[in-house]
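The same chain A turns up in both complexes below, where it pairs with chain B and then with chain C.
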Partner chain A sequence: MLRRLVFLLLLLPLACIDPYNVNAPDGERYLTVEGYITTDPGPHSIKLTRTDTYGSAFEGLIRPVVQATVAVRDSEGLVSFLTETSQGVYETPANFRAKVGMSYTLQIDLSNGQSYSSLPELVKAVPKMDSVSYRSVSVATDSRLLDRSGVQLTAHFKDPGDESNFYYWRTGPATFVVVANPELFTLSPNHPTNPRGAAPKDCCAICYYQEQRRVQNFAIGTDVDFNGLSTRKQVTFIEDDGLRFKDTYRAEVQQMAISDNAYRFLKLIEQQLSITGSVFDQPPANIRGNMINLADPDEVVLGYFIAADIDTKQIYIKRTNLDQKLLQTPSIIPDDCRIFPGADTAIPSDWNPN
Partner chain B sequence: MKIGNIGFFALFMSVICIFSSCEEDIDVSPSLVTEDILYVSGERVRLLARIITTENINASDHGFYIADNEAFSNPIIVSLGERERPGRFIGETGELNIEKTYYGKSFIALNGSLQFGNTIALQTLSPEAFQFSPNNGTGGLIVNVFGKNFTADSKVFFGDVPAEILDISFESRITVRVPPIAGRAVVAVKVVSQGKEMPMITPFEYTVGKYTKLSNFPEALRLLDNIYFQQGNQFFVGLGSDRGLNLNQNIWKYSPMTAAWENTGFPGRPLMMSFSSGQFFGGGSYVLGRAPYLAARDFWQVTDGVYKKLPDLPFDRINSVAFEIGDYLYVVGGDVGFPFEAHRYQKSTGLWARIQNAPFSINSSIINFNFQNKQYFINPENRELVAFDALSGFWGVVGTYPGEFGAGAGFGLAIGDRVYVGMTNRSLELWELNMTNLNWVKKNNFSGSPIARNAGVFADNGLIYILRSPEIQLSTPMELWSFDPNGF
Partner chain C sequence: MKKNILLLLLFGFILSGTVFAQQKNIIGRDIGELKGIKISGRVTDQITGEALVGASVTVKELNKTEITNTNGNFLLELDRAEYNLEVRYVGYETVKYPFVAVGEGRISIRMIQEDFELDDVVIFGSDPEKNIRSTEMGAITLNMNTIRELPPFLGEVDIIRSMATLPGVSQVGEASAGLNVRGGGSDQNLILFAGAPIYNPTHLFGLFTAFNPDIVNNVTLYKAVIPAEFGGRGSSILDIVPKSGSLTKWGGDLMAGNFSGKLSLNGPIVKDRISAQMGLRGSYINWLLKSLNNPDLRTSQANFYDANGIVYGEINEKNNVTYSFYNSYDDFALASDTTISWKNQSHSLKYEGSFSEKTAIDILGYHTVYDYSIFNASGTNDFDLISGIKDTGLKVKFAYQFSDKNKFNIGADTKKLTINPGELIPNASTDSGLLPKKVQSEYGQESGVFFQHDLEFGEKIGVSYGLRYDNYQYLGQRAVKEYAENLPISPANVIGEKNYAEGEKIQSYDGFGPRASLRYSLDPKTSIKLGYNKMYQFIHLISNTATIAPTDIWKLSDQFLAPQIVDQISLGIYKNFRGNIFETSVEVYYKDIQNIVEYKDGANLILQNNLETEVIPGQGKAYGLELFVKKNLGRTTGWISYTYSRSLRRVISPFEEENINGGDWFPSNFDKPHDLTLIGNYKLSALISLSATFGYSTGRPVTFPEAKFDFAGNSLAYFNNRNLQRIPDFHRLDLSMNFKFKGKGKFYDGDWTFAVMNVYGRKNPFSLFFADQVGSPPQAFRLAILGVPLPTLSYSLKF
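Now for the complex of A and B:
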């Protein structure tokens, strides 16, 4: 009897399992606006895309928004139409430049009839940078044997005391000397007669390469702590990859004056980017930009249209002026330097390291 | 016992009183903020407001009051209807007057009463018209007028005639259809928005120009590779060949006064592909045929219809361009020797000198014209209009020719401050260049046959005279045409 009862009890936990199909709703495809205009001569570009659902893996593509009518309008009513130069990328006319003291709005009419407008962005004068300095730095990594190293750029400027200022620093296109060793060129391992044989080339050891990093570092600041004072601010870190600082590297630092709302937006972006997963992190937040759907003001539009005054300074970083102990082991290119994608032997017309 | 019951009752009531409380209703009336002016133009304003509350509202209406006074008497009410959720809303009106101060405030209608947000002031903007494009053409042409803050009632006038408005986009671009020409070829353009007139600096020029065939050439020949030049109101044309079959030794002259052709009795030998200017001609080939050329160095001067043979040229020149500026005759380029080569002949001394080369290859098929001591050339490779300054010897690019080149050999001729350029081989196009602002205006196409060449082009009394020599495959005679640039 007891044995039967045991068998009966063993049957009880058994059950059929119905698979549970998770039908996650499709995420909304938000309009995303990237770009800014400055007081520099144009063209300035605005990029329009639609987000796609993001889950355990990308389920779609981030699609450009094409055939939109995009215009920048100043506070006096002057409208500058942007031209779509590539899919989803709209550029201002080449002679367009923002003016200090004017407010600008970005207006977008999509092909589906939806209209969007930014909140007005006032362009305030940016204090000029007195100088840009640099120093070698080393950054600890997870590996105890291998540190990251590079160059830290610092902007020096005097903040005006009669107003609140909000700063935004970016780097422009950089150019550096690509040093190669064509005299070390060897033949292919599959060469029929002389595999790996020495075959020095006459040309070329020196090339110039313009680098435009796809993901940009940025820095922001407010004059709460230095209102009216001369100050300095670390604006970017350029990592030494073994090639950049073999000879001379030209960096371009852009200092912009932005609105308080733009500063708050970028501050939230910066906070979200710095989340590491620790308990001290900022909580994840839904960051709202300044673009509004005119028919539905509550629609989420990602991105922020910035209009800013800009000051740009270039600095030449020579290898001899860097701390040699903090430099990475130089990478060797045993070939013509022109094999480096994008490198050219022509000296840039504005190259003046002396 | 009774006392105990009373005590128990008192204790019970005390506990009830201690643990109970009155619940006070929380006032959840929403806050309303008129946040920003999203857009303001001449007649249009777009306002942004926000309802801030923690729960849904049941507003029977919401929107904005806009008025030209802070008391909001006689306001424009932008009603957006019922609203349940808090959040942002946008209201817009296009009923404002230009250049005026207004006040705006948001409102919500709750429980039969209106609640208003803060008031913000705004100034409507002033319309302006900057430019229009294109600035010439025929009636029916679509023209864009660029400016800012155009109002919906904007009108565009060509002279006194209003144009059909096709579109006003972003209040900054008015697309119109040009009305038909009415009495004048050049008309002022103005935009009127809410009664404000905005005249444009440049006028609109209708495509005009009237061609009239005057007569056939009295001789049967059809000139090719000939020379032509003008002295006063007398036109000279001749030499070259008859259709490339026979050399021609004659030079005729034509006077618009008498409308008659007359053989001038040229005493020299026949030449083809010679250069010619107002007083001089020479060079070319003395034998029929193409390269290799047998170059002639003959050099002639014509004064009051009298031919005088001058000392031979010190160089060979075939199909060169010649022009006179001041005391000098310039001979540039050609099909023999170096095509950039330029020479200068001083009339007073009779001396030749080599001068700075032209910046590009030049020959007689290049369109060129003289204007105010400068000779202008149109480079067929890039359409650049290049000016040669005889005083400094400097060649400089001053513009770009917008027309077609056809097979080359067009003409350029100045009348006053306008230059007429075009009618290249197989092309009927003619353009007018305003030398004061280098603006190009298209003229009516030539109404004659395109299968003919320009054997001579002259100007007199505001008219252009064109001698057209039909191509060899045709059997028609040469025709003399006049062109009135302002006729229509």
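Now for the complex of A and C:
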């Protein structure tokens, strides 16, 4: 007994992190610009919002900025207007694509009469990816019995040696096979005659689902570390939620060439996202973007307008190729797969796992 | 005849070395003198050989007491007779020395530190009235016996943390290694171990101090009026003096705690001539990490050790040589695939000699190395990143004593510094997609000449003044970028590059640093002191974190980064009450700091060849009021220290976009206006004691976001002005209980220490941060390093 007590005493954890209520000062509501245009066919979208106070959990919402006039102007003077497709989201025409070697500026006229412009962003050519590879990884979590696991994607490419390059990686829309077990369907527990009775369905076991993740991972890099080399970069981590990797998962990796200043902006974003409160954190930095108010250059405008050359690659991740030890227990859907919101039995036209 | 006297003296010397010298010693050459026989003597610490200043030497028969002077000497004038001499010194076992005075002669008394075997605890080790009588100001010496009485931190006595309990000294938070002395940055302290600078004396990112308390004799912190013999740092000197081993018998200490264990051994190699002291400490902290819930820590591994050796050789009574070795090593595998390791190593050799009673010379040579490396074995682009700093130095000091009240010293020092700011070595075996990169090494030479003169005019007035001239050279080989004039120093404004040959002077700085203090004693128990000092610092810690991290880079002053210059003026009043049982002081200071390094937003400091583009010089000012009350003697001992202070920074650049907080003064990362420490030690019985430490301080400044915005689905915070808000106040109570066991027969003396840190489990935030984490809305979080009461248990024995 005593021994057990001693162990208990010794095993107490030391550090802890918990939410804390602060009263952040009421700030001004700054205009925020988010979005990028690429050399891919459009539409490309730009989102305009206003900041809110960083208070406790549910206080304040980030509000869209509606009814603005938004246009992209290239270095040859050609102007393309964007149309507001949903609140605060402005899209370029579908045939709009940026050209390598051209500079672009974003111009915004708000309904309150204020005009904003970005500094010009030059589009530089991006090297093509040679391949995208994947491997299973596990991530330790607070609960040691339930470690997370998933798939790490790595982009392989050769950096051109004669120039300095700044890279930005994102993932495009992903599609995966939803595997259901309609034969396991049971009746509702409140069923009048046969509660929880077996009632196998004939359809459907296989659907396809295109997912949109709220938080989009991104990665950045500069060739200071690998100028002229064939190198690789871990681009994203896709968590195994028990559904994604039951059969085949198609991921899309986008590799973009961005400007020096855009890289610096994203670096600050990355730095802030990596803050853990530890003794090694860098102090919070003021993240300045490339937008200015034409009438009042001192006004704070957040966000960055990015123009980039892009290379896209798709990769099919098959369950059989993953490390079986690092897979989560699959979730069983004992029903028609079409009850999964957004899932469809139609095979996407470009689905080509082999 | 002379030979006989020598033999006699030697005999007396050996006997006095063993405490129980009950035999009568015959002192002096018998030439038939009857009256006015002059017998001189010296009182020293048996272990360290240091002179004991202010020891009382009582001739019982005559009821006459002499106090030893600053060299530990005393002089008696006696009639020819038998006497019983009793030598007392606080913190030491009383020595009884019976002798017969027959002629002029000399007595040597060696005293042993008592290990608190009395009922009372004594927490001054040196002259109890030193604070009043000496002209020295802002210097605090803690001997190890005092530090040992404090509650342990994570099972161990901690030297640097103990310093932070004194007024004017603070730390950023619970897991930070550096000290902030009177509003100065943690790089403004020079930490010396046996005279050699140690750059990062921490284990486990600052949870432990990398000095093994068992091999330390005493620690002195100079926070104002730093003696002219020290230079090169702006705020303080922390001088750690190691113990030397016993010249007479072998002994040692062994300790085991929850997280680490240590062993030290000392004894004579050649009896009465050469002694050795060795210490080794190692950790077994991995089990603690495995038990933590934080996933990053749980998958981490940590190892550390430190090892020390001191060899002391006595050439003769007037000349001795000490060699000291210090080594500390840490590695920390963060979340499995990245290993960070750092190590300090120093060697120093010191010769102390005296030509006559009045003249002494010290010669010190040292070599110290601090290295760190990051080893990445994640499987993708594996690499090693190594970096380090190396100092080699020499110091010579002559001291001449005109009289007890008129002392002078003069000397010179020089050191060569080499810094490797970083080298990236891709791991060839795994086909790494990284380029090797090496940041240019830096070379510097720092030299100084100094003198110091201490004078006393009667009992009332004392003056101490000194001057140090510092000369610094920044040397090649180096390629230096040139930037367009009238534009900010940034990569975009490079217009050229200039190459300097090896050893070629690139830039030099020099300056005079006066030090002065004045004492006026109102009465024997009260004095007022005024002091001023100016310090130059040619090395900067490039760290964009709030505390000392092993990944910090040291940077020498160059043509872009001028030396830090610190001016400090301080005034204090000191009073002792009730026969020195209570010691009190009130001090105020004002400090001005030039050329502090601040960072541009999002500065990129790692593997940066042109740091001048990432940093920006700032100004600092600090001022404060310090109150200190200490009870030195009795069943209850301890102290209260309270500091009100501010530490502010300002960055004004010719280019408005580089200004921080619009060019206004803003609080530094460690600006904590109120800081209170209460330390109490209560002796329940001769063998059981209780101690408690309570600390309170204002929360340190943080930056709150002004607004939130979205990017790529992440909620982000927009920060504008730095350090305008504060984290909640810090307070913590630590308790400890110590049981001693007296060794009987073949058993050794031992003691158990049971301690609880953070008794009432306050979650003192180390930091507040703003994050958008999976599963919760974007919000503020606090990180508490010690969020729960933490019990520790340790056992140590002495043999």
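Quick notes on this structure:
Here is the rule we use: the second predicted complex is superposed on the first by the 324 of 354 C-alpha atoms of A that agree within 3 Å, B and C clash if a C-alpha of one lies under 4 Å from a C-alpha of the other, contacts with A are read in each partner's own complex, and residues count from 1 in each chain.
The working rule: a contact is a pair of C-beta atoms (placed from the backbone, for glycine too) under 8 Å apart; a residue touches a chain by one contact, two chains touch by 3 or more.
Because the structure is a prediction, the values reported are computed rather than measured.
Look at A:Thr186: by the touch rule set out above, it reaches neither chain B nor chain C. When the two complexes are overlaid on their common chain A, residue A:Ile292 makes contact with chain B while staying clear of chain C.
By the touch criterion stated above, A:Thr312 is placed in contact with neither chain B nor chain C.
Set against each other, chain B and chain C differ in how many residues of chain A they touch, and the higher count belongs to C.
When the two complexes are overlaid on their common chain A, residue A:Ser45 makes contact with neither chain B nor chain C.
In the superposed model, A:Gln114 lies in contact with neither chain B nor chain C. Using the contact criterion defined above for the overlaid structures, shared-chain residue A:Ala71 touches chain B, although it does not reach chain C.
In the superposition on chain A, contact of A:Thr345 is made with neither chain B nor chain C. Overlap of the chain B and chain C interfaces on chain A comprises no residues.
Of all the residues in chain B, the ones that touch chain A in their complex are 36-39, 41-42, 46, 48, 85, 87-90, 92, 125, 127-128, 148-149, 170-173.
Listed in rising order, the residues of chain C touching chain A in the complex are 173, 175-176, 205-206, 258, 288, 291-299, 335, 380-381, 424, 433-435, 437, 544-547, 549, 551, 599, 601-604, 669, 703-720, 722, 725, 763, 765-772, 774, 776-791.
For chain A in complex with chain B, the touching residues are 71, 73, 76-79, 81, 105, 107, 117, 119-120, 292, 294, 297-298. On the side of chain A, the complex with chain C involves touching residues 9-22, 24-25, 27-30, 32, 34, 47, 49, 51-54, 56-58, 60, 62, 139-142, 144, 154, 170, 213-216, 218, 224-234, 264, 267-269, 271-273, 275-288, 300, 302-303.
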